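Letters A, B and C mark the chains as written, and numbering starts fresh at 1 in each.
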Amino acid sequence: MVTKDEIMKIAILSKLSVGEDEIDKLTEDMGEIISFAYTINKAADIESDFDNINNLSNVLREDEVVPSMEREQILKNAKDSDDGCFMVKNIMK
Amino acid sequence: MNESKIAQLHKGLVNKEFSCMELTEKYIEAINKDNEALNAYVTVTPETAVETARKVDEKIAGGKEIGLLEGIPMTLKDNISTNGIRTTCCSKILEDYTPIYDATVWDILKKQNAILLGKTNMDEFAMGSSCENSYFGGAKNPHDLGHVAGGSSCGVASAVGGNIAVYGLGSDTGGSIRQPASFCGIVGMKPTYGAVSRFGLIAYASSLDQIGPITTSVEDTAIVFDAIAQYDKMDSTSQGRKGAPVCDSLKNDIKGMKIGIAKEYFEGIRDDVRKSVEDAIKVYQTLGAEIVYFDLPSLKYALPVYYIIACAEASSNLGRYDGIRYGYKAVDYKDVNDMVKKTRSTGFGEEVKRRILLGTYVLSSGYYDAYYKKAQNLRGKIVQDFRNVFESCDVILAPTVPMTAFENGHAVSDPVETYQTDICTVPVNICGLPAVSVPCGFDSDGLPIGMQLIGNSFEEARILNAAWQYENAADKYKAAGFGVKY
Amino acid sequence: MKYELVAGFETHVELATNTKIFCSCTTEFGGEPNTHCCPICIGLPGTLPKLNKKVVEYAIRAGLATNCEIAEISKMDRKNYCYPDLPKAYQISQYDKPLCEHGYIQLSNGRKIRILRIHIEEDAGKLVHRRGDTLVDYNRGGVPLIEIVTEPDFRSVDEAKEYVEKLQLIMRYIGVSDCRMQEGSMRCDVNISVRPEGSEKLGTRTEIKNMNSITFIAKAMEYEYGRQVDLIESGEKVVQETLRYDDVTNTTSSMRGKEDANDYRYFRDPDLVTINVPREKVEQIKEELPELPEEKKNRYIDELGLPEADASLLTKYRKIAEYYEKASEGTKNPKTAANFIIGQIFRSVETESEKEEFNVSVSAENLNELIILLDSGKIRMNLAKSTLDKMLETGKKASELIDESDMGGLDENTLLDLCKQAVENNPKAVSDYLGGKEKAVKAMVGFVMKNSRGKADAALAEQKIIDMIKNT
């Protein structure tokens, strides 16, 4: 059974915060989902050489420069930017 | 103009029975009238639609030849990137995100002067089966507004089923084209993995995602597929269509075609759905097809295998939503790490967060072998099993969904029970196979039932041929008609 | 008790391709922030990577030059971690199937440093902290890297220094990187542990991250070695951790333990396909590989008879070696060209980066022409030297600067005549010489040289003058 601590650990790895009020319900839901996922272990162990679905290899690109995009476009969707850079403002100062 | 099939509309435009502007305006009016009830569109783009319509009319007036999809009003699921038009994935986290490039599929259609009416609703990041995970609220079923349109490409299915778009492109990771098409009584195809470029499709699960058409007829699906199935150098997994245009073989005789039936596909299926699919088998027999029965025991692992792989990839694909470069950004935070966590925790909905957590879990050290690695091995096994089946049959026939559209708000609070909805659709994604869902009847409430035809890799021509022959033969569902019921 | 140092290296080398590893943006260094970017390298939703062919080739080249085995089947994996300089929140790298494995680099003391693996991956962007704000520039994001990982085979700081220099040299020679440490195109992480001499058991190691100067690497290693020995001697334990080296205080300090222990959750990148390296391709790359610096240096010493110091200087940069080989082609003594280059031409290339570029005003062909004139006896060494100085100044050819009349030596009578004049015109020098100042003769030789425009044989002139003074 999955524990609260395990859920907290994967939440940190996932960069998600879980509130005190959410953790019990989340642990319960995740426990159910994880148990469901675990059912595959009923299947016999098999080795398969599965890599990519159509067995493609060596799909490569030539080393030729294409002009980059205008910086204005690159920064267009950023909430904060300064000096041509994306920015995370220090809101504590 | 009451006919909403691509070929007929094309003929109408060419013969100047109506102008492209008239056609476009008719659809814009229909959206204005019906979208509030259907909630199919999340962004409507009448200006660009009208502008393109004007171009097409000028071309027709100038005596120039136009392509089949030229001037035909359509829609895109809101996870397909459109330069300058906001693309939200129906998530708070991308609510005001405007792409600066076009997805390859849209680039192809735009160059053919397709009329984009707007972007349509979906479950947030394509995760869901009822559309109720959309940040903008669910799209409704045109057959009965009290029911959901399905998921995750609910908006496209609702719009096409409700005739406020002629056709649309959706994406299918575990059934997200076929399931809503089935719920809305229309046709939807998930092409072979690699047939259609994924470049510009906002990823849910990269090894399973595939863009495909949702239309009101098999022929329309074939027309749209022929247009978008092109090799794309921007997508390393792209191969394009193999062989001749699928439209060429649509009406071929299917006498002697071997149609495979696996009993596993019929386990846990609602009786009326089973009955409808069994009736379809009879139709095929009358058309001269040979029915072959076989077992697919590994199918019982398909659902957990799918959820493990899809969520693992999703947890990685969705890591980039940190508020820095685009999308929602938390306003109150201590430091960068806190900003990222707050952004993600408020920006993502519950189901998305659950899937990210599951994905992180199955990849993390200590669990990788029992979950992700095991799932990959089983994926290989399921791929092999399907490959074997196709040695003795041409197409596989199965129900699309075990049930018909649920009532609004009915989508169970129990996540695992909700996942069961995908049991018939996920195997083809796991194996990268093509499958088309076609309507095959109605339940006692008048809600549509769908069945799917599954083919071997890159054999879209064969499944569409079988689907067209059935559609042509079966008229029982046609009598009920399409369109919104009020 | 004496303690032995045990260290291993992880070196990131930026590849000198034109474009980034997964998109077609330029890899040029510098540039205004975020001007070498596109939707792919800033990780916009829906974008997909496409692998640069050159990156695979360069990595194989690097592998072959360091005696690695090249994998037949390789693949790309995602290394998941969230940091603002990583736009997709995962780095596309290689986990369990790197392109190259099991190589080595041999040091001058004969020891082999085993190379565990070389894999390809993408670089991250750059963060700048300004008054508490965090600014992000993704120009460097997606620049191709190879990571070269050694076994813990280093036993001294000197070995480490030699390894880094050698690695730098090899990578430059095979043309896969300029390895400019100050620009960050070569960066080293060093893991260090200590153990009582004679012990086989490895101690707890620490890792010093991201150093970009050989001097700092040496200082950091020395400091960290001392710190660990002190800890052990005072009965404390070395804690396994990641450290940062501060070059101002010359100390290492712990990089704040992030709230989460890293768990990179590696898995195959589903957006990329298998890399298949046919054996013929490996053979082809091997054949095209230039002579490596070590081989070249040994050849210069063994076959050309150059002193080791000269051979080292000439092989340090590939362009100098190429220049030397062209300049000495067809000449009598391989040392002549070496002396001209090291003695005179090196004066015009002072810095290391100038030496690396080796843009000198005298072409190798022109130096070769000068040496051939010298070899044929048409001009003498001192004229050759002064001519080379003029060539460096003007960029002209030797044949343009030397008159026909200058060619060939001076005949005996003219020489005697000039010597006589020298003696007659320098009575003071003569008396000085006779007074015991032997050096005074040099002034008179100078007179002869000047008036013969360098054509005279200085040694012969000196002998004649001494004879004249003594015989009068």
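Methods note: contacts are C-beta pairs under 8 Å (C-beta built on N, C-alpha and C of every residue); 3 or more make two chains touch, one makes a residue touch a chain.
For clarity, every value in this text was computed on a predicted model and none was experimentally measured.
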Give me the ID of the chain with the smallest distance between its Cα centroid and the all-protein Cα centroid. A
In terms of C-beta pairs in contact, which of B-C and A-B ranks higher? A-B
Would you kindly tell me how far, in whole Å, the mean C-alpha position of chain C lies from that of chain A? 40
Gap in Å, rounded to a whole number, between the CA centres of chain C and chain B: 56
Taking the mean of the C-alpha atoms as each chain's centre, how many Å separate chain A from chain B? 23
Which chain A residues reach two or more other chains? 9, 13, 15, 52, 56, 59, 61, 69, 74, 86, 88, 92
Per-residue overlap in chain C, given as positions that touch at least 2 other chains: 39, 42, 50-51, 82, 84, 89, 134, 136, 259, 263, 265, 270, 272-273
Using the touch definition from the top, which residues of chain B touch two or more other chains? 97, 100, 207, 233, 236-237, 315, 319, 322, 324-326, 336-337, 340, 360, 364
If we count contacts the way the header does, which residues on chain B are in touch with chain C in the complex? 79-81, 87, 89, 94, 97, 99-101, 103, 198-203, 205-207, 233-237, 312-313, 315-316, 319-320, 322, 324-326, 336-337, 340, 360, 363-365, 368, 372
Touching residues of chain C toward chain B in the complex: what are they? 39, 42-51, 78, 80, 82, 84, 87-90, 134, 136, 259, 263, 265-267, 270-273
In the complex formed with chain A, which residues of chain C make contact? 17-19, 24-26, 32-39, 42, 50-56, 75, 82, 84, 89, 128, 131-138, 259-260, 263, 265, 268, 270, 272-276
Chain A - residues contacting chain C, complex: 9, 12-13, 15, 51-52, 55-66, 68-69, 71, 74-75, 82-90, 92-93
In the complex, the residues of chain B that touch chain A are 97-98, 100, 193-194, 207, 233, 236-237, 239, 298, 301, 304-305, 307-308, 315, 319, 322-327, 329, 331-337, 339-342, 344-345, 348, 353-354, 356-358, 360-362, 364, 370-371, 374-381, 383-384, 414-416, 419, 431-432, 457
